[in-house]
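By written order: A, B, C, D, E and F. Residues from 1 in each chain.
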Amino acid sequence: MELQLSTWPEIETYLKRSRLIVIPIGSMEQHGPTGLIGTDFICPEVIARKASKASDVMVGPTFNVGVAQHHMSFAGSICLRPSTMIAVMNDWTNALAHHGFNKLVWLNGHGGNIATINAAFAEYYHQRNYAADGIHKNVRCILRNWWDLRGIADLCARLYPEGHGQHATISEVAVTYFCHPELSKTEELSPKIAPKHEPFTDADDYRRKYPDGRIGSDPSLARAKDGALIIETATLSLAEELKTLNSES
Amino acid sequence: MELQLSTWPEIETYLKRSRLIVIPIGSMEQHGPTGLIGTDFICPEVIARKASKASDVMVGPTFNVGVAQHHMSFAGSICLRPSTMIAVMNDWTNALAHHGFNKLVWLNGHGGNIATINAAFAEYYHQRNYAADGIHKNVRCILRNWWDLRGIADLCARLYPEGHGQHATISEVAVTYFCHPELSKTEELSPKIAPKHEPFTDADDYRRKYPDGRIGSDPSLARAKDGALIIETATLSLAEELKTLNSES
Amino acid sequence: MELQLSTWPEIETYLKRSRLIVIPIGSMEQHGPTGLIGTDFICPEVIARKASKASDVMVGPTFNVGVAQHHMSFAGSICLRPSTMIAVMNDWTNALAHHGFNKLVWLNGHGGNIATINAAFAEYYHQRNYAADGIHKNVRCILRNWWDLRGIADLCARLYPEGHGQHATISEVAVTYFCHPELSKTEELSPKIAPKHEPFTDADDYRRKYPDGRIGSDPSLARAKDGALIIETATLSLAEELKTLNSES
Amino acid sequence: MELQLSTWPEIETYLKRSRLIVIPIGSMEQHGPTGLIGTDFICPEVIARKASKASDVMVGPTFNVGVAQHHMSFAGSICLRPSTMIAVMNDWTNALAHHGFNKLVWLNGHGGNIATINAAFAEYYHQRNYAADGIHKNVRCILRNWWDLRGIADLCARLYPEGHGQHATISEVAVTYFCHPELSKTEELSPKIAPKHEPFTDADDYRRKYPDGRIGSDPSLARAKDGALIIETATLSLAEELKTLNSES
Amino acid sequence: MELQLSTWPEIETYLKRSRLIVIPIGSMEQHGPTGLIGTDFICPEVIARKASKASDVMVGPTFNVGVAQHHMSFAGSICLRPSTMIAVMNDWTNALAHHGFNKLVWLNGHGGNIATINAAFAEYYHQRNYAADGIHKNVRCILRNWWDLRGIADLCARLYPEGHGQHATISEVAVTYFCHPELSKTEELSPKIAPKHEPFTDADDYRRKYPDGRIGSDPSLARAKDGALIIETATLSLAEELKTLNSES
Amino acid sequence: MELQLSTWPEIETYLKRSRLIVIPIGSMEQHGPTGLIGTDFICPEVIARKASKASDVMVGPTFNVGVAQHHMSFAGSICLRPSTMIAVMNDWTNALAHHGFNKLVWLNGHGGNIATINAAFAEYYHQRNYAADGIHKNVRCILRNWWDLRGIADLCARLYPEGHGQHATISEVAVTYFCHPELSKTEELSPKIAPKHEPFTDADDYRRKYPDGRIGSDPSLARAKDGALIIETATLSLAEELKTLNSES
């Protein structure tokens, strides 16, 4: 059940049986010469929607732009300031809490979002600590990175013994190729496996160290059929987690 | 061509032939007992993507939550504070301008966004007036509401001589039913045509005056096939506008 | 009755018989070679004060600087960022609501303010939607542009069949000449009627397209006696509206 | 010469001979049972305008609402948050600096504004310290309280050996009575001289300690003719200061 | 008793007998060629801690960076924007009020902080004026500059008949030399007594007018033993004030 | 070398040989019944200062209050909103970068700060990506948690095979007891080892799950002499890291 594809009476009905919602959250940023700008929202979106069907838990709209300052020297990347993202996430959280949702699982597709998502949670709870009334006191914000879902790390290690990487990873590219097979690219990149392990600061520094955008990966190995497997595994794990959350008081 | 489904080298290539982008912008808000929460982003999204194909102009990610404070007493509505939305739109605009886009057409699906979108444009230009350097001096922000596209008003008047309405209009509901035919609803509502013309303030006031969320409309008349016609007309008009913009210096 | 010229006990007394206030809101911006920088606050101020006397409705202090970023390449223009203006209008609204005013009519003199004024209203209502207590729940914010008052458009069409224009209009200049007859200027401008219809972005772009600041107008036709007529018509219309508002629950 | 009553070419001409401007800044707040809400902007406004004529220095628009949180328990008071006021003052300063003004004398009428005005100056300079370019490097912000102008303290001591007070002072009330003689009030208040010397915190605390709003004053002694004398003295002093500032490089 | 060196049960116990806390607040800024960057927090910190012991009043953590924009052209100075400092002080105040502290004495060591501290107090009270509930209604914020404590001015006048100065004063330098005798410097500076009385704007302007950072002082006269005397006097005065405050309802 | 105990000429001299600075950053929050409120800043402060001496790298002032919203139901905790902390850290960073520091190592003592520190870094770099000039382009922000320094985890595992815990850990309490031996407490707590593994949201939820504030620890085992050992190990590791950083271009 998708919030954006529901009517308000349907959501009202849903809220009588559950107060849980899962929100895909991603980024709009370069993913190497062959990866899609939208990779980081496409992955959690497809997983969350499939898990929603498997668990009868509502999935919210996708939060599609995040904190991607270090990718800004590659065309097409879009970035929120962390302070902006905190404000937006609080607006969403206040709205959903207002309607009665009390467990918000943010299914994240971008490592660079993690810090700001946690900061946004703290900002929300801080405001709540001082609130006079008690109505939203039991809202719980939960961050889940899709690559941390049970089974994913093992699966990726098995599928990609080499070159899985840290950015524009084979697995995330494979997931997007499954969703958009016509966009699959299998050309070999140079170097085959991108450099890694160099700390970076801003966008220029990042591009200097990672000239084609990838970190440690060889996405030429990404195949749609493996993407399907990854999605299936992630969906099962997430659906299970959501059912457990739903059954908790 | 969709930014989110492109690679950065593809976007770099695009920027050599055009600096125009169209961005669907909507809202997440109730649309009556039979309309979808996502109606206001679904409409501009489908039109922008089709027009993008017809005109070879890039379409950006969808800005899917807007200013919907007056709908907050209906479950599922999500709202940005106008000041938050100004901040987000400026982050997007700065990022796109940074890459070289210089004409940003925001294709809007929600009347309640118009004021804040224009305020955000003024905020952006204001900042630019004082900037030392000249690099982004020629960026132009353009607002287009999809229902103002050439031919739409006439078409709707012809299709819906009565009950087209102001919120949860027959036309916008029809567009979403075309996109999601399995969600079509044709049940008669009571009253058949919703009340209208009452000014409102906040969410409670709105719900008091418009108890099921609609304003002046009878969306039971919405049909997917009419939605197709509306989309076709809007697509043609927008594509033409985009081509004209693209040909301007 | 003017708030700024009243004592607090007088205002307390007023609040026992009415909770309505009208607030002139303008801008500080160029109005062509012969128009005053303060034109956009002078017009609503004089109309609001006269209507206040005619209707026994309190008039508040004048909000004299607004959103005028596009005029910043002409000496003397002052501009608030839209986000600043939203903050200020909310401070004013919260203060007046705190004292018990519950209908705030902002009588506006500047087209460029409209978007931000409406955004500020939404910001105010948004905050109220989430407020625990109900005390300010019935405050209503109303925007009226003085040129939209009943009778004004017809009068201007009759007085100025040609060259009324869109900025530094004959009518607004005439109103200021009535208020400050010693500042009247009747020199012919070149071109006689200013250019119009060119969309603009920031201040430099505006000045390029409208080199002397006017849009579509020939203010050399502005006369104080016509200004008197315009003020009289606007005053009657506004006073009537205020009386109606005052009689509503 | 008043900025708001000038045309942009006139201001451009002025800027060739002087880059100095004086800006009246006040507050909208209770001034006891017989004083006007607008007292604190009326005083600096009348003095600044007269001194402007006497010195050929431009006077800007009046900043009419300030920091008056402690007066909020008296009807009619309006208050900016200090953080809002800092934002607004910076918008004004940036705009005036943009046009070439480089000495801004804020003539203040409200003790409660002093802290925030100085904080706003520091905020402006702070931003300038880090600015890349040098164009606005020589802008100087100056705060003058009208009661500190040469001769005023002596004059008030002579006119009002007793009961001059700290808020709703005889002198400021006298100035407003000169400007609006029809609003003069001479009724005796009880107690004749208001209490003083009690530190206060917020609005409720203030009202508890100063029940009719006055601090230490007996404004029943305020007379328009004395107001005229005060204005004359202040005008002379300010005009002299402005001429001196104007002659400095 | 130091908050930062206490356990939460100890603070809970303290709050049963007193709700008063003293908070040292300083700045991180140049203090001439021989003064320490931390001078302005070291002075109030040592005095507050000693007075805390003498009066059994809790001393809070030190607020060690303030508003020092005019010192930014000297290496090592750190500066908060006034708007940032207002935000931080409000976070501290809200937290302490949440625990039950209701008299907060900010013992200040930097003249440049005064405006922003007072603005922050107004911001806090403003927010409280509109708060629905009453729980924090009785919190009182108090500013004390250590050099204004009873006895200090007299003592300094006696110790330093000449060259005490306005910045990098002999007395504050002496206090820091007492705290850090190994850092004492007695070299003669040139000019012996620094210039004074020149108004300044931003950091560059300050450095132009006060080339080695001092204003009006000759800190070569600073001696640790005099610092001890100053601290002793200030401690006695502050302890007495704190005891009085503690005994007030 | 401590920035706060240096003069500006000494810092200028330092900047000729190094542009590295280490900044202790902590929190002000409960640390169980026997731990100090200031624990999280005391630990990094003592380590940073000792490492500074061992490596001739400058240590900055201590950032002593952080994000501690979940501790706010225990007396004495003070908390910054994450958005406030981002603003403050950016003010500090801009100031230090202005003077020429280009490697800022934030030595952190509080797990709850990590997200916001990283968000603040992204905010800083984001602003830099769009800056016109290049002067601060090479500033690098580095986060180091003291417990992650080489050798610390092993040492703690050896010292505390059981009950080391996650909050109010034995090691951090031991470090503070070494710094303040007179505050050592060895009383047994109940339960001996605090509960752990329960996710929490806001302050009330935290206190419900961790009634005395500790998570998973038995700080009754904390001894000053072990604290000395921990400090020594951490100091050696940090000094080595600083020397390496200093030698990098």
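Couple of notes before you dig in:
The working rule: contacts are C-beta pairs under 8 Å (C-beta built on N, C-alpha and C of every residue); 3 or more make two chains touch, one makes a residue touch a chain.
Treat the numbers as computed from the prediction; the structure is a model and nothing was measured.
Shared contacts of chain D and chain F, meaning chains that touch the two of them, come down to B, E.
Among the remaining chains, those touching chain C as well as chain F are A, B, D, E. Matching B-C against the pairs in A-F, A-E or D-F identifies A-F as its interface repeat (over half of contact pairs the same by residue number). Among the remaining chains, the Cα-based centre furthest from that of chain B is the centre of E. With centres defined by CA atoms alone, the chain at the far end from chain F is C. Chains compared, chain A against chain E: the Cα-based superposition rotates one onto the other by 120 degrees, nearest 5. Homomeric contact chain A/chain B is classed as same-residue, with over half of its interface positions used by both copies. If you average the Cα atoms of chain A and of chain D, the two centres end up 54 Å apart.
One simple way to say how far apart two chains are is to compare their mean CA positions; for chain E and chain F this gives 25 Å.
Separation between the centroids of chain B and chain D, computed from CA atoms only, is 47 Å. Chain contacts: chain B has residues 72, 79, 81, 87, 98, 129, 132 touching two or more partner chains.
Shown here, the protein chains touch in an arrangement that is not a line, ring, star or fully connected set.
Annotation, chain-chain contacts: A-B, A-C, A-E, A-F, B-C, B-D, B-F, C-D, C-E, D-E, D-F, E-F (touch as defined at the top).
Considering their complex, residues 67, 69-70, 72-73, 79, 81-83, 86-87, 112, 114-120, 122-123, 125-129, 137, 139-142, 199, 201-204 of chain F touch chain A. By the touch criterion given at the top, residues 94, 98, 131-133, 135 of chain D touch chain B in their complex. Partner chain E is touched in their complex by these residues of chain F: 2-9, 11-12, 15, 28, 30-38, 41-42, 60-62, 64-65, 72, 74-81, 84, 87-88, 91-92, 95-96, 98-100, 180, 183, 185, 213. Contact residues of chain D toward chain F in the complex are 129-130, 132.
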